[in-house]
């Protein structure tokens, strides 16, 4: 009880700090310089309608690469821990028939939706991460439906690796070949503003991210479900 | 006004999440606390970029200058932060599962093998 | 050494010879006094002569080893050394033969040579009592010397010198110039220290192992013993002379040689008698008692004497 | 608009508190997910559709899924191995 | 020059590629990883080399082809390049080390390692606040994964605590970042720095604070770092090594960026947090016995030190501060990595089980190097960094911080040296195996070599001109490399080296230094002679002994304070190793080292203070003279004097000496006692020559020292007399003799110094003889207890003669050389008027007879024991140096003028008044006179005459059988019953036992106990409960906020 009271007191202190900020907080009326630049010059510079996307993929592309890396690391840790504590004999309850059927039906649909989301990231809300998550949820559904079914882990990891490599390679190409720096999206023509094949590398990178995130999250889910990616390796 | 409400809500979520992480001995619920903590932070971040009456920073037409857009930068940051949050949550849960398998309990104060 | 006066060797030998005789007589007299106080007949006055000659005349074919052999040699060298480093009679070159070699620091330290030799010789005999006696003796002498060191510092500061001849010179003229009167506290401290080094009651427990029944000297016999006895004859005299020089005006060379010797005899005898007198009056201390005793009054007196000269000079 | 925003904010906080207060792990996880969902509505109001989508898909949806997979694994292991002591403590934990 | 961005590209590419290579053999996977890391090492090395050499400019890297505020930019400057090289090399080596784990962990471990390295590189390179956060998260996740490589319950628990704490810290940081963005409208560190103004700082205060505190928590400040320590302990060693060398380095660098960004408003906070961490962790570590946890404590404390130093450098605007921080950082990172790697090779949990390290000598060397680097001993970079730090702080007048830093360092020394002692001395199970293979060895050797090499370079980088003669330490290295040769060869080499170096030195050097140079050089040659006895290799001896002598020669040659201090520490270290070689010397070597280090720190402070007082430009030793008139001169004198007095073991600081000198090997004791102690005398002389007669207020420093000197002499002589152990007896005797020397110096007069210097010389001669004699005896009879000996004169007559002459010399009995010191002391005392001290000195001289008699009697006289009947004379190589020295003693005794006159001339330079007048062979002082030659002749004449007489009269005497004595009416049959040697001075003890009351020992052990109970109490904050750790972090944040925001 004393501990709780003390915790309360300390969180109160923290709250006071935050309150301090809230009290001084005034909603912005104008954009900061950099943000204004993104809004005003961004579409012309990068050719992406969704400014958030251009910020995510290009302006702050290194963050995004880091973000992908984090997910990659998290997936690796999950894989590692599950790998270290393999439990082969666990019997898993099968999902109901309805679930099975539904998942078989829904699986390609969800995949397509996911692909749509990341392919249109530069035009509308959404992008690689959201699309990837949607793809992963398709896998979740399948796993829920038939937990004992082996999913193509190898395929997943190949997709993940290749998309990751391609991402890095494209980024490096920006620094190495045509454009001005790492992760510059302008190594291919920007195309016509507002169309699917525009904004240079952005849709490609988002696709790669989508694939990578999707496969990573899927493998996390599968791992947590109790299988290791390369059981056949042993 | 919306911004202030959002900051306040975010702050409250931060505190509630921390309270949950600090007082629940159950590891799963500590992790839930952390996700709430994260959501709070995200709210605060977005509200910092919010501009009254601003629209989403998606430009449908290159020529319509003069529309007030909200700041895209915090949104980009939050996007990143959410994914990081997912990574960390997945990670914590994997730990939790493994810890449970090793010890058969999920109470944080049962994991004091290392101290002093 | 080119300008060395080789006559000094002769003088030194003469000094030693005379001192031996004087010491033997003194021993006889004191032995007699001791006995009479105890209502006994006592020895004959010349008995020490007899003892010494008898020992020198006896021969032994026993030795315990090299150090045993060297013990008496060290001992006698030490005793005789002090004697010849001392200016015995102020103004008489004959009786201050080698005093050019060093001052009172030299003499105070040279004294230990004999002690050390004796200790080592006794030690090699393998007799436990020898070592016991040495350890007691060393224990006691370290503390007994404290007031002595203090007194030495006191008078050295007082006379601004460590040179014994100069110290004696400063006391000439009137007996009021004696250190006894100019620095009575230092004298008192030194005289108490004197008791400790004279191996007499109450500080003679050092020699006690002799009584039950043998100690370091008695493991020696015949000529070894004779050499030790010779040293025991001259050593107290040398010590007494040192004290006379320090505190009682020394012995100046008068025109009348007889007077000189009379003064010499009187002063040394009285100083010597001081230890005899105390020895007759007090029972024997144990070593730890005597150590503590020396740490009390004598040391206190010594301290006062040092503070005294520090203020006065 | 502001009123709506305020109401949803209140709901957000209430679901968060629910996640905190309820005894059952599952409900708590669900409430946590709901907090995310409500927050994504707030994001939409604040003109952040990208974020809203992400929060809904990842922060709330996928995260909750992963929670359930983890919980499932824990429950399953509960049955696989019988940790007597831990079961007792677990149960007592859930009861208090 | 390869673009720095490829650092990240290569590592990430390799990590992703590994996913494709899942099915291939592990050899390929490892090869790929190592190749990637090697590439990164190459890139960073290229940059580091180029930038340091000046052939390459620092480079800014823009991503996405936009200019910085728009996009994220990276910066590759000098600091970055060097740190990257460090981090990537550590990663490469740790990966090599990890090779074996790979089988179990599949490809995941390698992926995580690469990702981890990406994170570290990113943290160091990035100039964007949010990007920094992302990379920190990468590092956090990757390291949390690496923690659990074995996935046991400890690792899982620790890893979980690590993640939740990290999540909390990054949460704070994220809030802080967005608040900062709110206040500044930018995320670019450089832009924010440029904008930073007081007004902005206050508007964005909470944001900046949260960013700052977030980074701070990542640095694991005391006391909110239980999670970090658990992680250190739980991880497998190569991972801990990587965390200690990599994460700590990168995070610290991030901290420096943030500090710059916030315009320094949190420097005060970081200063206090750093200090608290540094001291707090070192205190807590005192009670720790788990090796890796201890290393964790030490790592964190070192990071605390870095934070503290960095803050001080910034707050006080210390020039060259960057180099200071770098020196410390690099030393720490390398040393800690080496230690963690070693802990993996050893594979033992407790520091008490590290004896197994002795199975491989190279490991001990690595261990020693790492510990030395952590303790800022020469020749490591940290040594130079610390020197510059302390001097700079002194210039700024920050003596409080000097005390904190040096005090903390001393605490650190306690546990590190204790550990090292355990490793070198503790027994181990022969059957246990080391993880000794190519992959584990290469990292250790590389790290060790790098530390040594960097030391050499950092001396040149130092802002101070110094004349360190690297030839001297080079000898140590050569002997270390030649350690496989037989001892005899190495002995010849070392003697030759000393002679070759020493002979010209002795001719060139002048003044009072020449006296000590002679003692050190001649002493070195003489005391090395017994080394020829050794048939085997004698591993480790020669590096240590050469280190000590190199140090001794170095301090003689030194003309500036840095060089002096360098060699002073080198000498201390060498002698520590030497002492540690003794069989039971573990605790004594430890206390020796600690007192020496404490003393050295005082010296350092004193030097720095005088450097500051003299204007902060020159570190020449001569500037000590110029400060003699300043207001701090008294304090400087005290600091230096006490510093040197730890070496001479004055009362109160002496408790290390008896054990250390007694337990040392037979031929080491004379070195440390006869020679090494003179270094302290040398230092004292140097101090008083320069600073003269100083007072603080009304207290005259020499006066106080004179009392300390004589009390040292008195009590040590008493203690010597009470010892049963021959070597302890001699050790106490050395303390006492050094007390006389101190007293002589404190008299501050011609005669006083003459006595001290002559004592230094004669003490060297007879103490070496005595220790060697005893060594010879102990060598033969296998015990040091004197009461177990006896009667050895018949078996070891030569040794007996040596001892006899030496004790006569030591006791100061004329005619031997020791008397000169006594005579001079009396004269000096009367001249000065410090009679009471003189009395105490005199009394202690008398007490010396007790132990001298005991020494010679108990060993050589009395009855020979049955077990010793076949004992032989001491070996030739032990006798030879004694004979040489006896000849020297006799020469000095015959002709005291031969050494007193030249010394007198030297002393006259400093104290011309009161010099002796030499009248032929007679020395005449103001008070008395003394003719050493005459005394000698008289003695010889008397002795010869008496001996001849006795010999003539007793020519037939024969040596009789052993038991031909009678006592208590019995003829003894067993020698044990008649050897009176045990508790020899019982009555003395009965009367003066109070002198034995161990005030000093009680005091110091009280201090030690207090520190340990503080440690025991404090470390209870590390409850092991993750939730408590979270709460602690929040408390820390709130309290820090309140304290740092107090004024606003």
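Structure notes:
Order of writing sets the labels: A, B, C, D and E. Residues in every chain begin at 1.
The rule is simple: a residue touches a chain if its C-beta (ideal position, glycine included) is under 8 Å from a C-beta of that chain, and two chains touch if they have at least 3 such contacts.
Owing to the predicted nature of the structure, the values given are computational and were not obtained by experimental measurement.
Listed here as common contacts of chain B and chain D: A. Chain centre most remote from that of chain B: C (centre = mean of CA atoms).
Using the average of C-alpha coordinates as each chain's centre, C ends up farthest from chain D. Comparing each chain's Cα centroid with the centroid of every protein Cα atom identifies chain E as the most central.
Taking A-B and C-E together, the pair of chains sharing more C-beta contacts is C-E.
Separation between the centroids of chain A and chain D, computed from CA atoms only, is 20 Å. Between chain A and chain C the centroid-to-centroid distance comes to 106 Å (mean Cα coordinates, whole Å). In whole angstrom, the spacing between the mean C-alpha positions of chain A and chain E is 54.
One simple way to say how far apart two chains are is to compare their mean CA positions; for chain C and chain D this gives 104 Å. For chain E, residues that reach two or more other chains under the stated contact definition are 130, 134, 137, 141, 144-145, 148, 151, 175, 179, 181-182, 1031, 1034. Shared interface positions of chain A, defined as residues touching 2 or more other chains, are 7, 11, 14, 18, 21, 25, 32, 34-35, 38, 50, 52, 59-60, 63, 66-67, 70, 73-74, 77, 81, 84-85, 87, 125, 127, 129, 217, 220, 224. Across the whole structure, chains are in contact as follows: A-B, A-D, A-E, B-D, B-E, C-E. Taken in their complex, chain D has these residues touching chain A: 48-54, 57-58, 61-62, 65-66, 69-70, 73, 76-77, 80. Interface residues of chain A, counted against chain B in their complex, comprise 4, 7-8, 11, 14-15, 18-19, 21-22, 25, 27-32, 34-35, 38-40, 42-44, 49-52, 55-56, 59-60, 63-64, 66-67, 70-71, 73-75, 77-78, 81-82, 84-85, 87, 123-125, 127, 129, 193-194, 213, 217, 220, 223-224.
Residues 14, 18, 21-23, 25, 27, 30, 34, 37-38, 41, 44-45, 48, 73-74, 77, 80-81, 84, 87-88, 91-92, 95-96, 98-99, 102-103, 108-109, 111-116 of chain B touch chain E in their complex.
Considering their complex, residues 1, 9, 56, 59-67, 69-70, 72-74, 76-77, 80-81, 84-85, 98, 100-106, 109-110, 112-113, 115-116, 119-120, 123-129, 131-132, 134-136, 138-139, 141-143, 145-146, 149-150, 153-154, 156-157, 160-163, 212, 214, 219, 222-224, 227, 286-289, 291-292, 295, 302-303, 306, 309-310 of chain C touch chain E.
By the touch criterion given at the top, residues 3, 5-6, 8-9, 12-13, 15-20, 22-23, 61-66, 69-72, 104-106, 108-109, 111-112, 115, 118-119, 122, 126, 128, 130-131, 134-135, 137-138, 141-142, 144-145, 148-151, 175, 179, 181-182, 184-186, 203, 206-207, 1031, 1034-1035, 1037-1038, 1041-1042 of chain E touch chain A in their complex.
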